[in-house]
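In the two complexes below, chain A is the common chain; its partner is chain B in one and chain C in the other.
Our next item is the complex of A and B:
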């Protein structure tokens, strides 16, 4: 108790920056009392979000997503594989999330960040289990050839809510994906058909119709911090490091629950808190859907 | 790997169907033009911007044609515990590629020597005495590889160091030249690099007229080397001016 007393006494005569570094929790709780956050956001508001499709020319589909300062670059490369005997009509999606050393002072080369495999697993669980993509659409020749979609997401700047930004960039990259037209050659290998020789080729292209992947539903997420009885949407890295209880809700475009993560933490989530988080996520899904649609229509105009 | 199946099936990227053995372009032809329409002594348009990564002490983004890199600088910060005491600062460099940087997935990791080359290129330009006992980390990520990756990484790194406020004798600019038959082409793209007979890369401090690194590989004649060096040094001083104006722009924008 005495320590909190001294800190409140000091706070009147201390510089704001020093107080923020010495007593980070007190600093944030003072803001919460006024229902505001250090970056002037109300508690339930997410940061400004932007999305750009087609950021990587060397990939078949790509997107750059920014939520506040958190930046994610996702790109999809299509390769051909022989499908497994159990599922001859299905392609495959491999999702990898990378945190290169450029993104945060915590990550050093050779020592991968702890968060990276966690986000990677959450992403593949969410994308593969939500039924967003029908793996049958990735089939080329039954039993012989199918697409393997390599989705790699790079965190370029880590400032909290990594999963939300990563999922947004992944979804956007899939909606930007353009599958190359291919045909089978004499050796049974799959080759790309370029625009000019499409007409004079004796072999018919295998996938003339299926240039775009059909996304049956689209999932979006929102991460919230639970602290005492406050709920802070879309936390920054600083907030995440001080108040440790996170909850991530993933909803699809018809507001059905896809997944919910609450990986421990000192605060227990009661039913009403979960409901509040879901309500905040519903709001956020509407925003994100609008941002995605705008990005897609911007792309079509160009 | 977050694959669905435990046994990762071997995959390949489908190659173009017109396999009539891509004819090697005849670079000796007098009327040969570069595939992007540039003149031989002409560099690609460059786009430079500092402050790309917020969580770093300093950072820069560089885009030369299709080559896109981000460099972050962290520190000066505490050296690793295992390191010996040192009264001059340490520099730690790392260059990595995204898996989608190259046309075939995952080829960028072949360039393991880039980290050490970057270190050697920058070492001479930084006033290491100004941060004793500590380390400055320079991390680069090549987002897309379109040729001349290393010179772009080096120039971008020196810009990021300047953005982080690390003391340097001068900015470091780097340019490479490829020798294709009789022709010297500056700032080559990947395709030109793959056909080159020799390459020369100069890393220098333009306003001090000092070279921190010079790499020559392949077949060269002495007059050709002279010509290539003149070409590179000239381009370096121009690039240096562009980098300087980029820093000035950021500084004047933050003052307002």
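Our next item is the complex of A and C:
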């Protein structure tokens, strides 16, 4: 009792920044009592989100997504490969998530971030299982040639909600992707036709023009933090480090549940908390759909 | 192959002594103590500085100076073909060493003993001159982090093709097999900290090419000073000065 008395005396004299560093949980809880967070957001609101398509000129599809300060750069490069014998009509997608040391003070060279392979696997599972892309569309010549799409996502600034930003940038990159023109060369192999040769095509082109990938459904996600009775949407890195229970809900464009991810944590979630999270995600999906459609139409105007 | 047309234009329409368009932005990475994005034509580089902070490996701690570490890595999609091993290969290790030693020359390390300064550079798009872009970005990031330096370090490259000295080579000109001179200077005193060259070149031609590169470095320094001044003005407005 006396120790809390002394610390509350100390806290009344201290500056705000010092209090934030020394007693982070109490600092945040004082804000939660008023249903607000330190950056003045209400509990269920996500940070400002922006999308820019075509950020990397040398890639076949790319996008830069920013949620608050969290920045993700996704780029897709396509290569021709031979499909496996079990699925001769299907191409392949390889998803890789990198956290280079620039993104956060906890990542050091020689000791990669713990979060990187976790988010990488989560992304891979979500994108491949959601059925967003039909792998048969990536086939060129059945049994002989198919597309291998390498999706590389780089985190340039890690300020919480990494999975959300990564999924948004991946989905935007796939929307921007244009499959390049290919033709058969003399050995019977399929080669990518470069821009200059496209005009003077002597060999027969397997696909005559660049086409866009058809996405059957587009998935968006929202990460929430559960703390006592509060649900905080779209946490920053500071909030994630203090209140550790995260829950990620992924919905597709018809509001069907694609993935639910709650990897343990000290707070137990009852059914009503999960339903609240899904409701928050539904709101967020509408916002993100609007942002993605605006970004795509901006590209088309150019 | 002709790299300089008879009218005196290069492959991308520049004159021989013309640099590519430069663009710089400070404070791109919010989590870093200092960060900058630097673009030279199509080459885009992000640098982030963390420090001075506690040395992570106690055995490497220096008692009277700060320890400077640098890591250079390229994104998988930065070059034309997708790279398999973006860091840890020989070229990345060599460039990391070059950048570290170049920046160490100008950081006043004796003011921050027993601490560590980390400089991380990430190449997002590579179109020739990545080394120079990285050094320029690192200078801006160090200035943004408020780390005491005796002067800026700016860098530029120059080459010699079709009997003409060319400033700021892009990837196509660089891979033509001609000489490639990279120079890094401290612009106030015009002292050279970094000088690298490969392929053969007669001595008097080399002096011309090096002088051209130094002029390029000075132009970059003028631009960097403008960017830093503008940034300081913004900080003043925000503080209400």
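Basically, the second predicted complex is superposed on the first by the 286 of 302 C-alpha atoms of A that agree within 3 Å, B and C clash if a C-alpha of one lies under 4 Å from a C-alpha of the other, contacts with A are read in each partner's own complex, and residues count from 1 in each chain.
In the analysis below, a contact is a pair of C-beta atoms (placed from the backbone, for glycine too) under 8 Å apart; a residue touches a chain by one contact, two chains touch by 3 or more.
All of these numbers come straight from a predicted model, not from anything done at the bench.
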item: Side-by-side fit of chain B and chain C on chain A, or clash; value: clash
item: Of chain C and chain B, partner touching more chain A residues; value: B
item: Contacts of A:103 with chain B and chain C, given as first, second, both or neither; value: both
item: First (chain B), second (chain C), both or neither touched by A:231; value: neither
item: Which superposed partner A:128 touches (first chain B, second chain C, both, neither); value: first
item: Partner chain in contact with A:182 - chain B first, chain C second, else both or neither; value: first
item: Which superposed partner A:277 touches (first chain B, second chain C, both, neither); value: neither
item: Touched partner set for A:119, first chain B, second chain C, both or neither; value: neither
item: Touching both chain C and chain B, counted on chain A across the two superposed complexes; value: 56-59, 62, 69, 71, 73, 75, 77, 79, 96, 98, 100-105, 108-109, 150, 152, 154, 156-159, 237
item: Residues of chain C that touch chain A when the two form their complex; value: 28-32, 35, 42, 46-48, 50, 53, 56, 69, 71, 73, 75-80, 82, 118, 120-122, 124-125
item: Of all residues in chain A, those that touch chain C in their complex; value: 56-59, 62, 69, 71, 73, 75, 77, 79, 96, 98, 100-105, 108-109, 150, 152, 154, 156-159, 237
item: Sites on chain B touched by chain A in the complex; value: 1-5, 8-19, 52-56, 59, 66, 70-72, 74, 77, 94, 96, 98-103, 105, 137, 139-141, 143-145
item: Chain A residues within the chain B interface of the complex; value: 56-59, 62, 69, 71, 73, 75, 77-84, 92-98, 100-105, 108-109, 120-121, 123-124, 128, 148, 150, 152, 154, 156-159, 180, 182-183, 185, 189-194, 197, 201, 237
